[in-house]
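Read from first to last, the chains carry the letters A, B, C, D, E and F; within each, the first residue is number 1.
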Amino acid sequence: MPLDTGDTAFIIICTALVMLMTPGVGLFYGGMVRSKNVISMIAMAFISFAIVSIQWVTVGYTLSFGSDISGFIGGLDYLCLTGVGLDGDGIPDMLFMVFQLVFAGITLAILTSGVAGRIKLSSFMVFGVIWTTIVYDPLAHWAWGGGWAGELGALDFAGGTVVHISSGFGALALALVIGNRSGFGKYSMEAENITMTLLGGALLWFGWFGFNAGSALAADGLAVNALVVTNISAAAGALTWMAASWIKGKPSSLGLISGAVAGLVAITPASGFVGPMSAIVIGGFAGILCYSALLFRVRKGLDESLDAWAVHGMGGFWGAIATGIFASAAVGGVDGLIYGNTHQFLVQLIDASAAMIYAFVMTYVLATVIDKVMGLRVTDEEEYVGLDISQHGESTTA
Amino acid sequence: MPLDTGDTAFIIICTALVMLMTPGVGLFYGGMVRSKNVISMIAMAFISFAIVSIQWVTVGYTLSFGSDISGFIGGLDYLCLTGVGLDGDGIPDMLFMVFQLVFAGITLAILTSGVAGRIKLSSFMVFGVIWTTIVYDPLAHWAWGGGWAGELGALDFAGGTVVHISSGFGALALALVIGNRSGFGKYSMEAENITMTLLGGALLWFGWFGFNAGSALAADGLAVNALVVTNISAAAGALTWMAASWIKGKPSSLGLISGAVAGLVAITPASGFVGPMSAIVIGGFAGILCYSALLFRVRKGLDESLDAWAVHGMGGFWGAIATGIFASAAVGGVDGLIYGNTHQFLVQLIDASAAMIYAFVMTYVLATVIDKVMGLRVTDEEEYVGLDISQHGESTTA
Amino acid sequence: MPLDTGDTAFIIICTALVMLMTPGVGLFYGGMVRSKNVISMIAMAFISFAIVSIQWVTVGYTLSFGSDISGFIGGLDYLCLTGVGLDGDGIPDMLFMVFQLVFAGITLAILTSGVAGRIKLSSFMVFGVIWTTIVYDPLAHWAWGGGWAGELGALDFAGGTVVHISSGFGALALALVIGNRSGFGKYSMEAENITMTLLGGALLWFGWFGFNAGSALAADGLAVNALVVTNISAAAGALTWMAASWIKGKPSSLGLISGAVAGLVAITPASGFVGPMSAIVIGGFAGILCYSALLFRVRKGLDESLDAWAVHGMGGFWGAIATGIFASAAVGGVDGLIYGNTHQFLVQLIDASAAMIYAFVMTYVLATVIDKVMGLRVTDEEEYVGLDISQHGESTTA
Amino acid sequence: MKTVKAVIRPEKLEDVKAALEEKGYFAMTVTQVKGRGAQKGICLQYRGTQIKVDMIPKTEIEMVVGDEDVRPIIEIIRTSARTGKFGDGKIFVSPVEIIAAIRNDDEIVSE
Amino acid sequence: MKTVKAVIRPEKLEDVKAALEEKGYFAMTVTQVKGRGAQKGICLQYRGTQIKVDMIPKTEIEMVVGDEDVRPIIEIIRTSARTGKFGDGKIFVSPVEIIAAIRNDDEIVSE
Amino acid sequence: MKTVKAVIRPEKLEDVKAALEEKGYFAMTVTQVKGRGAQKGICLQYRGTQIKVDMIPKTEIEMVVGDEDVRPIIEIIRTSARTGKFGDGKIFVSPVEIIAAIRNDDEIVSE
């Protein structure tokens, strides 16, 4: 198949949409911290994207998509993009490369949830480069690069395991290593700029269309299916989280937007495999599940500050399982549990669990090592004045 | 005609662009209320989008585009999207469905102008579901789904009547039923976050390219025409509103951006039918007309708070008429009044008037019923502390 | 070649992306001024876009792309878009027109850097119309409309000279004519809304994909190359500027985002001619060069307030030269200095210098004339209360 | 000299300013604050339970004036800021000993 | 009457409010401020050089109360706002001569 | 003890802080306010009509100090905040009776 201008146009624009999600994460997170850390959150999103951009074009892409080594990692065939051409099947190989780049970039940004308001910038940068190399790249290889999970038949349309389980459980591990923010649980750390979070959420919802529909790698019916179920799941998640929080008190806008993100996360692996009505169930349940996970996390006194674990980790896990439940051969060629395919359900369970354990353990070890070597956390004084001033020398209200 | 990747790519991305307009409306409106209601305005935009998303994929689409019943409404053929496929002519049927979904979503968001700072959230949600079902869906059917207006030959390229007249006059009716904000006219209720409104306006202008150009449903010359005239009309509206307000005092940035929106609204029904130079006239006049409508509204002491009526209602009405005046067979195959086609002009007038009356009356009745049944308005105390705290339990400055 | 739906879809969406960059510049700049001038900065971006939109469809396009007159300017063949059709080769001629329009719009917005917080709105509008006509239009003609620079073989893929050198050196000239802000150098004029600048930067990065990739005018391998190198250069610029500022103090987020913009500017002319690894060098060096230019500007006590000169002017100049150095026939058909083509290097030098001198001198003269005729600068009192109140009658904190 | 500090409803600021201006009182400093009075804020009925919203946004006006201006100013503020409902605010008067200009060396020192 | 003004850590506001409320002290006005104490702010070690961060965000509470309430309020604030580290803040007490309601004509004038 | 409250131009804050610091005066609380002086704000000529911009953003500095420090502080602020143009601001001095630390039980009570 020669290049197709429609497909190429589509994936270029989807790449742009997904790129915008990274600052979207920054704004989403930035609005939920105290104002002394808002610049830090947004800057970490940009920094994540910048360092992963360089990592990816040098070593990341080849480790993920180079020729398979033992089902675990890619070879160095594409080191520094050698051999990645401007032609290809349908879309240029180089376009596939950059579309994958923006996924790697946002994953690291999501992870900053676990260290909000207390990580040393320099340590974060070192951590980020290594994490992407030893956690993200293998996971991408497993699922999409010819690794064991893909071979096993695990389905992950747009990154439920690769992006969301990895960053969600990674954030959990990070939070455990770095410890709670000082004063956590003792005094209020409420969101100080909710409208910024809503704006970030809007950019996420928008960009997610590129994330999921673009994962079809062509402007075809499958992409359209992904688009439609993505939107439905987001809407359903927003409404159920809102409803659940309404029962307990007021329907906050933060609940609404968090529910939308939960729905978006959950549909991500499933979006090329399930139909619209299943999406209502997947997203609707995600809203309730992730909200419960959040409440559980708070009850446990664990400061995984911006709930990447509850939303991306648990939402991604549910999405992987849900793909095994609701997949319909009519959409993506594979049936799930409700059509009697228990095998697929088990494969999904294995894949999601493996990703979860790998991401959690590796992140925990890496964070611990970096903490020992260069210190992961700022000093008390620096934390007290906030990372904006202590790490960037800047402040929001001059 | 089989699927075309270029067209499919185009409409997927246009769908994303239009989706972004809904939070765009939220930000646009949110910046114009006092800061105690800003979360409420943005949240209502998201909620509009979420509930319409679910309404549309279950009943809305089929009521609008199911097989025609008496020219008034669609049948239930597509209930829960049964029979809406991933293939189609040029673009998948399912893509047409979701492109129409985002239009329905934003329409309800525009309507919140009339109830800013005083509506009960629960009542709004009930209202929203019913309004979309009994007002929006029939109007969409009339114009695009095989209903009487389309049969009559009424031209509405991208939703002048369906989206703008309906939401503008709907907002007027809502405002009349719910009543003015307490203290309206007595003390200042100035925009408290103009930069947020400007950002929202930017997203609207951006998304409107998808709204109008996408309405060609193909990436062709017609789409390009729509793109070009849309931009011209926005620019012209911005400049004339600004000029008009300059004569009366200072050229405010709110006037500038409102004028741009007025121009965008007015060109919406015309964008597939008129050429670039007509767009200067259409947009330029819209700026002045909508500004005058706003001044009239203020003089009448009517608190249609964020001027959906003045901008979308009057701008949409003008746009429908203007389509009948400036349409050129060279662009969209139909001539208008300036080319001697009085018939088309009259058809436009009938169509716009019917939409206006239908939207106004139905909204008025529906709002009144809901007011009787569950109460439309919050208590005085709730209004005084603001909807952010009273409806969402949140506040912008922690 | 008939119309191609993929290419057409692509350029329509790229046009939308570039459009969004103009308010992006407004937000980027708006966050860096004191809060009394923030509305003014954003409004000037919108106004730039609005007046250029009208200028372009009437005279600008034809002056740039009408049949060549002496290599200097285009003829009036396309006055008011006569003869610009909805068909064309690959993409409709009309689409090429509007894609060029959004470039002209943003260029004027960039220029407002030099007059931040002190220009009279009316004078700016007069200046803007004339500047676009006598500076931008000729430059666009030289490079892309059949003018001498294109004939000479100068390479400017997406507007390094036309957009960035012109606006950067134009801003310098403007700043010299209008003079420093009162109190400049004496008291702090720090950025008062850094998060807004970061948001603006995010929109710029996003839109720049459309700017550079779209300049291929087709959804092909060349567009993909532009996309990839654009992102790499932005990332490299962000990291080097940040590193350089880290050595001198703290790694500010403003440095990070300015570095990204520097990288984006520098790759602009080169993006269709160089490969990914060259992009690391081009962007990386741009970060350091533009940061040094900024420090130099500050040391000289020159209030080119928001560093259009340092970032766009110097970055654009470097990009033009770098194109002559790193161009690779494998990418865009032309070799540069590192492949032994000294000629191309010299051509680039001549072209960039000519654009620089033309833009600087013409802007200087024009600004001086307007200053004499109607006054360029507001009064001291107006400057003191800020342009938001004095020019727009508005304020950010009601 | 005295400083008259009034905590009022934000939406009444324009009225109060206008009323003061009319009687020739221009100089003032205004701050955005939040507050609660003895009524402990506002109670919203919510699903049976009451939700108390304390810390309502208020506007604080401070005017340093001669002793003889205190009474008239209090009356003007009362008239222009009153709605008669809880939350209208309070006026506090305290002593001031020196008023010094910055622009020049003008100074008033009380007795 | 006195005005008791306390500059505290922003994160302690909820605790202080709750503690005051418990003892029946509701009325207060709260302002967001920045400040530095005699310790000249916080010193961050940075690449060998010390960077001084002065102007730390603080919250100011102002309560106008009867003379007899001053001591108990000081104690409550001290207990609820203290961390024992630099930056805990200060309490200032000054005289107030008139408290006038706006809602009605209630007024208390000191001696 | 006294509280010295100065309303200055926001752009002069850094200068004033530096000047005070040099003489050993560190402790202060700073608030963003808006204000107008006896000049009724700034008049902008606009299409024949005059537009009055009152409520110009200002910065308020508050320092509680011993009686003997009042004069020197007034002079330092005057020197460092003066531009000689309208809008430079004012300094107000009022009595303070108690200064109590929160971090520990230190307290100064005036006579």
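Worth pointing out:
Here, a residue touches a chain if its C-beta (ideal position, glycine included) is under 8 Å from a C-beta of that chain, and two chains touch if they have at least 3 such contacts.
Heads up on the chains, UniProt names are A, B, C = Ammonium transporter; D, E, F = Nitrogen regulatory protein P-II family.
Just so it is clear, the model here is predicted, and its values are computed rather than measured.
Steps from chain A to chain F, minimised over paths through touching chains, total 2.
Listed by label, the chains touching chain C and chain E alike are A, F. More contacting C-beta pairs link the chains of D-E than the other of the two pairs D-E and C-F.
Per-chain Cα centroids separate chain B from chain F by 50 Å.
With centres set at the average Cα position, the gap from chain D to chain F is 19 Å. Chain centres here are Cα means. That of chain A falls 33 Å from that of chain B.
The distance from the centre of chain B to the centre of chain E, with each centre set as the mean of the Cα atoms, comes to 50 Å. Contact with two or more other chains is made by residues 31, 87, 94-95 of chain F. Residue numbers of chain C whose C-beta contacts span two or more other chains: 4-7, 9-10, 13, 188, 199, 250, 393.
Put simply, chain E touches chain A in their complex at residues 11-12, 14-15, 42-45, 51, 53, 56-57, 87. Considering their complex, residues 3, 17, 21, 26-31, 64, 94-105 of chain E touch chain D. The part of chain C that touches chain A in the complex is made up of residues 4-7, 9-10, 13, 17, 34, 188, 190-195, 198-199, 201-203, 205-206, 209-210, 213, 218-225, 227-228, 231-232, 234-236, 238-239, 242, 249-254, 256-257, 260, 276-277, 280, 331. Chain B makes touch with chain A in their complex at residues 3-10, 12-13, 15-16, 19-20, 23-24, 26-27, 30, 38-39, 42-43, 46-47, 49-51, 53-54, 57, 80-81, 85-87, 91-92, 94-95, 97-98, 101, 121, 196, 199, 391-398. Chain contact summary for the complex, chain D toward chain E: residues 2, 6-8, 31-40, 54-55, 58, 60, 70, 74, 77-78, 81-95.
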